[in-house]
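Next come two complexes built around subunit A: one with subunit B, the other with subunit C.
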Partner chain A sequence: MNGIQKVDTRALQTNRFSKLLSSIGIYAIAALFIVLGVVLQSMGIINNFLTTQNMMNIVDAVALLGIVAVGMAFITYSGHYADLSAPTTIALTGIVSVELLRFGFIPAIMGAVVVGLIIGIINGIVIGKFKANPIIWTLAMSYVSMGVIRFVWVNKQIYPDVITDDPFPVMLFDNIYRFRFFNAISLPLIIMLVLVVVGQFILKRTAFGAQLKLTGSAKRTAKFSGINVELMIALAFIISAFTTTIAGLAITSLSRVGAYYNGAGYDFRAVTAIVIGGMTLAGGRGSIIGVLGGTLVIGLMNNIMTLLGVGTFSQDIIRGAIFILVVGINAKTLRSMGRDDA
Partner chain B sequence: MSSENLGLALKMVGVGKRYPATIAVDNVDFEVYAGEVHALVGENGAGKTTLMKMLAGSFNDYTGAIFINDKMVKLTSPSIAKSYGIGMIYQELSLAQPISIAENLLVGRLPRKGLFIDRDKMVSESKRLLKTVGLDLDPLLPIEDISQHEAQLVEIAKVLGTNPCILVMDEPTSALSQEEVERLFKIIAKLRNRGMAIVYISHHLPEVFKVADRVTVMRDAKKVATRNIGEVTREEIVHMMVGRSIKELFTKEKREVGQPRLEVKGLSRYGFFHDIDLQLHAGEILGICGLSGAGRSELAQVICGIEKADAGTVLLDGEPLDGLPMAKRVLRGLGYLSEDRKREGLALRLAMDDNILSAVIPKLKQGVVYNKRSGKPKAMQLIEELSIYPPDLDRTAGNLSGGNQQKLLLAKWMAINPKVLILDEPSRGVDVGAKMTIHETIERLAHEGNAILIISSDLPELVRLADRVIIMRKGHFTKIMDQSECSEESLLLAANTEVRV
Partner chain C sequence: MMRKNKLDKSKLLALGDRFRIYILFGVIFIFMSLFAPRFFNSYNLTTILRTVSMNATIALGFTIVMICGEMDLSIGRTATFAAVIALTLQKKFGYGISVPIAVLAGAGVGLLNGILVAKIKINSFIVTIGTMTILQGATYTITGGNSVSLSGDKVFAISDFLAKPLLPMLPPRVLLTILFVVVFHLFVSNSQWGRNFYMVGGNRTTAWLAGINTDRITITAFILSSTMAAVAGILFAMESSAATLNMGDNSLMYVVSATIIGGTAMSGGKGGILRSVVAVLSLEMLYTGTILFGFGNEVKIFISGLILALVVLYEAYASYKHEKTIGQRAVLLEELAQAKEKI
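== the complex of A and B ==
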């Protein structure tokens, strides 16, 4: 009908390339970090990289971060960047569960989940329905949660074995983090892997995932296609709050203390894992499998830096720089493809 | 009319621009005199925009030579182009929404008094610029508070403020109603008489004949010809543009008009439209004609459930739709093709199949699984029916040409198996070939028993397609005209008449 048409294929090639890079490439980078660890060890610069204990440390750290990142990825995918209330959600749900341990293990878990979902629902309604800026709002939410913790528990740290004399719920609570199948595979790892599989399925194979993709890619077009975008966005925040709550329970179980500082830093680490895992901040792109890869890279990098003796603050600087680099490259690629929405 | 004695303002000799995979402009000669309106026409992808981008300094790797006022220049950056007096007005507005008209107009050269902005001077200078385009607005209003056509005129004023000697306008009328187009033409005539060289890019041939002195036609990256407007007919230009002649089918076949499919009774959204009654039958194409701001799109958005009605009821095949969200209405076969394809119609970052299937996601559900694959044959079939190029489902929608994007948008709404389709400006800003395909498809849809409501500012489109045309003015239906009464002139007249029937 239109005769010969000339189509600019550059953008397409970049797209395919970046798609490939974002889905597989991140695992190649993870592999490179392992090689780096092995090389550093063989050169005698670091010790104990390739030990069973160290590998288990890496996997456990990746599991905790992964649980947060998988949920938060739904927010990024919906085009709403991140949930900055994740650290205080971890702290609040953790401290609530310890407090409720006096009524038994199940009430403790249920209480934490209810608190987490309330936070998710409030975030979801305010950002989805009332279109608040997600960064500002979740930041505000984190201050509110922190205020609640400080008001109710007055800067106290609470310990499971002090809260209740019954050793059984305390034992169960301790084992959220510590239980290992066959003495090797930890419960958080299993939970994370299940969340990755379920999350990947929801994102890529369900109608909700397809509608979330459209919402994240072009919100107004989604609305004009009959999609309830407010609900989609709210669900993304609720999913994020839910997995963050699970992480909250595991982290509190690990530290054996309910305290306001539990979970600090998980917001930024999760976003970094999501972004280097190929999910762009523009929304509608990437996959949960990629996010898992991103989490793995962050875990390996942290581990190697710690073994090298890099200080906590220096590690923060390096992570921040990597985040800026990835977001920058991302934005540049998108702009060179003629898109200004990066 | 053209004052050749003023001399050549612009001369491009053998210019070319090559992208890695394609040649966008191939050895083109292009000349514009001072005091001339020179139309540049061609189908989408013919190279017009690339040629003008070259002039705007967007490329530093073009070939050939460019002369401005007989001086050879190297236009390798936008600031260099600006310094030679080249002003560009693009289809997409470049105004910053939340800040004032004045600050937009004088961006980068705000008058200063010491450290501070000279507010009085800013206002007076803005008023002067606005007057050149016939606008009488408060320069301190933010852009978001003025209408789209006013914004278009502000954009023109902004460029005029830089005192260009060569002005390029890319589809400046696509957002304007007929009345506003006339006003723009007067402004263009004034600028020409002042000796400005104007390049006018348009798809709309009647406009070209009205406003231009000469016309250059491009096809497939090459120049076909340059002619004086008095020595060429519309048919000849179309022939040069598409490389074949288009038989304009005005012999409309009579369709069977059946049962009412869409009924609207007493529908109101206060402040936008009031007490609207409407009956749309199977097999019927009903047009709605009106100036921008008459409430046409708002009416469509209430009918399809994006916005809520304040009063009245909507029936689809006799069943009330009131209170149903848009998704449920779509499932019942009511589709709305919105006028802004880039922001409301397509997800430009996603692939073609994602776009075509975006309104039928709930339909392709099997249990909890979204079975996209089951929608692909239908998507492919629509791509072939509408001859969307390239026929590649994985292609990103944003990489398609404007005409193909618009066809993709139509395909998206055909995918819902519609009974009633509301089409809001279905062929805005597309090339002749795409427009023909879209029109033929609309007629076929009606022939198959669907009911079609077309909202359009393109009068020939309404004359060609509609069985009846409703005139809408300031939120009311003022007149219904039968096909036999419809002509471009009668519609235009009716749309501008105050009387309420």
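== the complex of A and C ==
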């Protein structure tokens, strides 16, 4: 046609739906949920949505989930889906920290971090170096951690104030979750916000972030352009294990008990938050800010469903359905635009 | 002369690798019979066969999904889901209606998985994690968070019938499992459909070019997997007249490890039904053995987790090594090694 070659522009168009789900749009959905909550309250269907206490509950829940999700987002970004060992990492680091509380507060924290990092390094080596399937390996890892907990502690639940007579470390440990600046802003919230800012900076403004993006979107290309792909993937898993450890400490501090069931369900909730936050499972897309938005949406949705009287287990059904729906729509739109699929 | 010797050795190794699961089975069986207290008697062996029935049945369909190169993480939860449906509806309609409905529900889960994987083209790991969560929610919602148990003469008569040995060591439930194994083995290794599973798992594009409806094959695999998981769960629940909400949770780890130990590759296109079943049996003997040696349940959990991890690691390491030598010819490598030796 007049010597001008027609270019397939499909790949350059942005789909309206994926745009909606991209990093900024998710906050509109979060706002929509708040409006929904207010409307439901004004209609008298739910009570106590717009109260300070409830808002603080939402923020606290979001803070815990956010800490896990920010770390796990690095794994998703690197094209390795998710870390299913997160719940048992939470349980294991929590129970180790409570056990070590007898030696003081600092050893307890250090012990938990060391255990978390060991799990992260093992995951990183096996998945990065030997290319094990991330889902099945982290699942196996979660069984191993669970086995370690059951082997060492059998079915015991251990309590900080039983482990040690010294009230000072117990007080410090309790305050990991309960300490509030100005009686409002909790420590996990601050940790999460710091992680979000640092995570966003790392992902978008550093060489590591750029290399991780290339690793996630085109692994072979990344490898041939001289990126140490194995190291990138391993680092993603180590970062995830580290933030999960922080969440493990906070969750154990919240429940005041070290037990094998702490943290159950955090893996799936985190992946859902990541996915609806605009990170595609194919890797290399999305941002930490978007993940924060996704976490916020999950937190609001859970809160409204709980206020509506939807049982915890029925919420699982809805979360699962939303997860599959979002992943499916993402995959379909990306493919119809001629890009890769998740 | 030396060359021939070496070839023989590699042939022997290949043969050993091919039959490794049967060798493993024999070793575990002989070891446990000799050393584990109270292992080799008809009561214990019957118990093993009965316990293994559930996971062996689940492994049948799951192996087909793995042969297709996909993964079904929802098997354990599907078993629980179907069992809970069968028992809950039994109270109203009796087994005659509740069991078919539960089996259909299981098949429906498989259809959903299959469509999402084959048509929408979402990674099967991701899809089945999603359905796993949905199924858990559904199971808890149906039961209100409690386990379901039945009572009544009729129900107990069925339980007794399923559990009581008809032939020596073989209660009807085990016989049923053996029947399933035979049917599935013949189906996968001797039929056109069976070969198609291998084709799709080995190379999807080639299979498609050869005229195979790859989507339909994948969906069938998922339906078979979920249906067999449902059947396994229902039979287990019928035998004990009760269904707990975590009855299927260990099956996932169990069946995945067994299938990989049995030689079915996660990358697809390799493996067999019989091998998976033998592997499930070997694992069960190992676990029963640890209990008989006097270790607690927590040791069993620890060991089974460790086995899955080791198996996945072994598989990953094997494919890692294979990838490293891809495109390099064995003969040339050998010559290189000889040249190095000379220097």
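Brief remarks follow.
Following the convention adopted for this analysis, the second predicted complex is superposed on the first by the 330 of 342 C-alpha atoms of A that agree within 3 Å, B and C clash if a C-alpha of one lies under 4 Å from a C-alpha of the other, contacts with A are read in each partner's own complex, and residues count from 1 in each chain.
The rule is simple: a contact is a pair of C-beta atoms (placed from the backbone, for glycine too) under 8 Å apart; a residue touches a chain by one contact, two chains touch by 3 or more.
This is a predicted model, so every value here is computed, not measured.
Superposition model on subunit A: subunit B and subunit C are shown in a clashing arrangement. Touch criterion met: A:132 reaches subunit C, while subunit B stays clear of it. Contacts of A:298 after superposition on the shared chain: neither subunit B nor subunit C is touched. Shared-chain residue A:203: touches no atom of subunit B or subunit C.
Of the two partner chains placed by superposition, only subunit B is touched by A:211; subunit C is not. When subunit B and subunit C are set side by side, the one touching more residues of subunit A is C. In the superposition on chain A, contact is made by A:315 with subunit C only, not with subunit B.
When the shared chain is aligned, subunit B comes close enough to touch A:284, but subunit C does not. Looking at the shared chain after the overlay, A:227 reaches subunit B, while subunit C stays out of its contact range. Taking chain A as the common frame, subunit B overlaps subunit C at a single listed stretch, which among 21-29, 93-101, 129-137 or 273-281 is 93-101. Subunit A uses residues 341 to touch subunit B in one structure and subunit C in the other. Residues of subunit C that touch subunit A in their complex: 71, 73, 116, 120-123, 125-127, 129-134, 136-141, 145, 252-253, 256, 266, 296-299, 301-306, 308-309, 311-313, 315-317, 319-320, 323. Across the complex, subunit B is touched by residues 1-12, 15, 205-207, 209-211, 213-214, 217-218, 220-228, 282, 284-285, 338-339, 341 of subunit A.
By the touch criterion given at the top, residues 81-82, 84, 126, 129-133, 135-137, 139-141, 143-148, 150-151, 154-155, 268, 271, 281, 311-321, 323-324, 327-328, 331-332, 335, 341-342 of subunit A touch subunit C in their complex. Of all residues in subunit B, only 19-24, 43, 45, 220-221, 242-243, 305-306, 325-327, 329-330, 336, 338, 343-350, 354, 357-359, 361-362, 364-365, 368-370, 372, 387, 389-390, 395-396, 398-401, 403, 412, 433-434, 437 touch subunit A in the complex they form.
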